[in-house]
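Worksheet: the structure to be examined is printed underneath.
When the chains are written out, they are named A, B, C and D in that same order, and each has its own residue count from 1.
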Amino acid sequence: MKKAIVIAGSRGIGKAISDSLESLDCKVISTSQKELDTSNLENVKEFTKKNSETDILVLNTGGPPGKKFSEINEEDWQKYHNQLFLGFCTILQKMKINDGGYIFVITSGVIKEPDESLIISSAYRLAFTSVIKLLSKTYAEKNISCINIAPGPFNTDRTKELGGNIEEIEKSLPMKRLGEPKEIGNFVKAIVEYNIKYLSGVTINFDGALSNYVL
Amino acid sequence: MKKAIVIAGSRGIGKAISDSLESLDCKVISTSQKELDTSNLENVKEFTKKNSETDILVLNTGGPPGKKFSEINEEDWQKYHNQLFLGFCTILQKMKINDGGYIFVITSGVIKEPDESLIISSAYRLAFTSVIKLLSKTYAEKNISCINIAPGPFNTDRTKELGGNIEEIEKSLPMKRLGEPKEIGNFVKAIVEYNIKYLSGVTINFDGALSNYVL
Amino acid sequence: MKKAIVIAGSRGIGKAISDSLESLDCKVISTSQKELDTSNLENVKEFTKKNSETDILVLNTGGPPGKKFSEINEEDWQKYHNQLFLGFCTILQKMKINDGGYIFVITSGVIKEPDESLIISSAYRLAFTSVIKLLSKTYAEKNISCINIAPGPFNTDRTKELGGNIEEIEKSLPMKRLGEPKEIGNFVKAIVEYNIKYLSGVTINFDGALSNYVL
Amino acid sequence: MKKAIVIAGSRGIGKAISDSLESLDCKVISTSQKELDTSNLENVKEFTKKNSETDILVLNTGGPPGKKFSEINEEDWQKYHNQLFLGFCTILQKMKINDGGYIFVITSGVIKEPDESLIISSAYRLAFTSVIKLLSKTYAEKNISCINIAPGPFNTDRTKELGGNIEEIEKSLPMKRLGEPKEIGNFVKAIVEYNIKYLSGVTINFDGALSNYVL
């Protein structure tokens, strides 16, 4: 039986992945923000002491509220540097991924097309994208695949919190709807279920044809 | 029962996709190069007359032999312009994809990191990537997903034909092996099986952590 | 005295480059579309017979009128394949660039963010971007620099021909104005004047902060 | 007379830019690491109190020594987060760039093609690339241009410090030589001298045709 750890797996896309891995008969440890606050490095280190290895790791986390560049203070930068970047690096430095395992990172479409109101998220999630890209080459030697999923607008609490009229947003999207967390849940499930390993070191836009960049 | 058309589905990655779709109980029409030569536009038009609609379309084709830029003649350019670009455009102009369907394009890692000896393939496959990216937005309105898969080095006849010592190549790869066509076959199968639709307008590097570009 | 050849140098950005190179005391051969129609390969070959070498080559050309994908016919594809791609490849195959020279390619912002109404241009200009990227490595051995400039909306006849209310367009742009051809003219001039050679194998968005892609 | 501030302008590429701006008759304030340590945020804030506005700002800084991912400790992350990212954000939050001005950022080729031994630099410089891309749109309203230059291997102390046999490195490069800081110095000078403003929101690979990514 495979072991999976899903960070921020209590709601939204994280929960959908958690559920889908459970349906594969994995033993899933899924953390809520209360159980593991990735902006708190001590908290992260404690967690990795208790959970020192896994077969499947899903690095997921919420983002900060929208803020203009001029309004971001040092505390914001430091907190989300931890939450969106350094907490994940710490987990990867301290947790063993078993041979033949998987690391899924859930970032955001803003890594490719940064968003003015989500500047913190755009920057730090992109920084972590660079890290996971590099590490994918080392992990490859142990047959561990690293897959970065960059979701566009999804039907999650997060999207609602960011505000805006959901109906209006949906009308503006190519598919006239938000993505459903289950779609990413099933995507992750399928990769694991079919033991697809050669998909690694990749960032996958998962945005219903929304982005405009050619590649 | 869904209908699938797989161009160049008689061997390699095309065959693996064809087989995997058949295992999903799709009715698969799979063409060999003899049955449909996409470098011959008349041939393409005839084919689309007989096969005027489908649920799933897989646009796959072999590439040209390696050639230096200085050695490529006008005939080469014209032939592979048809085979790698215009033949596919013609199919998309003339074939109806049914609502809720899929278009999978199999290109190559050389679209992102072009290869000197595969200059024709690098250029025209990239041109088609631009076309499918644009069309993904139109197809989205009909709930049709467009997914461009860009394979790295795979265990196919094509790879052997391109020459080089396969063992040496494998040693140089992050995963110490070529990709297996079945991995892409299963990937395509999973997308269809789980009805994942929000993955669209995307180019997916499928290269075992080989590429160096961050995104 | 350096020799420069500027294709489509009779108006717009091409003319601005032509003028700026003349101000550097280069001997500039600047062609209008009448003098050299790059969609006509015979015409191109004749031209390269008469102009078999140069120090500076500027590959510039107009684009096709806007057309929907469904409306593009085979003649369109073939004509603009020649004009936007194969004509330029032919020139590079037949014309000698002298050691220490420059190749400037003027493409378009649509190579990175393709435009639905400019699908032909988006695709073929991107294909040529792949070619020049590859060739930059070979030319580097002779100290020849290859620079691909991808302009956004500029104040040219072309922009006016594509239609739309220019004032409205300007209001929507980050700088509230179109680019001035002279800005690219001066850019090219400066590279040559200061003999900057290490800038090569690069695509430079020249779009007044319009594009949204991070890199 | 224009005012320019060049961070880390006492040697290497920073010095070349500083010198070239002086030759344009700018009043240049060029800081050494002793004078302004961008890893020290208090230091940065003091600096911006004394230097609260400028016409031209050059954001340049050295990078960390090479280190494997597993060897990077929390102190390293925090220090270089400040030096490569947060210090620059702080400067931009606190320093006024005068209308019609310029911001040049000197990053590195590792933002596009990350380097295993320069993982910190790859990640944080890329994060800052996202920030400057976003800000370029706001600055555009004041006719301020933001230009990110991503150098490949240059003939600087930094390159020597990173080790390796310089002669061997040179042989492996497309141009068989390192870039000369003066080339970037002249490039920056030319942009300012010719008042080129429409080049903004762009990352410019400046690497002698070294990188392999198509765009």
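One rule holds in what follows: a residue touches a chain if its C-beta (ideal position, glycine included) is under 8 Å from a C-beta of that chain, and two chains touch if they have at least 3 such contacts.
Computed from a predicted model, the values in this text were never measured in an experiment.
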So which chains are sitting against chain B and chain D at once?
-> A, C
Since chain B and chain C are copies that touch, just let me know if over half of their interface numbering is common to both, same, or not, different.
-> same
Reference chain B; chain at largest CA-centroid distance = D
Between chain pairs C-D and A-D, which one is joined by a greater number of C-beta pairs in contact?
-> C-D
Per the C-alpha means, the centres of chain A and chain C lie apart by a whole-Å value of 40
Chain-centre distance (mean CA atoms) for chain A and chain D, in whole Å, is 30
Chain B residues touching 2+ other chains are 111-112, 114, 122, 126, 129-130, 133, 137, 214-215
State the interface residues of chain D toward chain C in the complex, per the touch definition above.
-> 111-112, 129-130, 133, 136-137, 139-141, 143, 145-146, 152, 174-176, 179-180, 183-184, 186-187, 189-191, 193-194, 196-211, 214-215
Please give the residue numbers of chain B that touch chain D in the complex, ascending.
-> 111-114, 122, 126, 212-214
For the complex, which residues does chain C have touching chain B?
-> 41, 69-70, 72, 74, 77, 81, 85-86, 89-90, 92-93, 111, 114-116, 119, 122-124, 126-131, 133-135, 137-138, 214-215
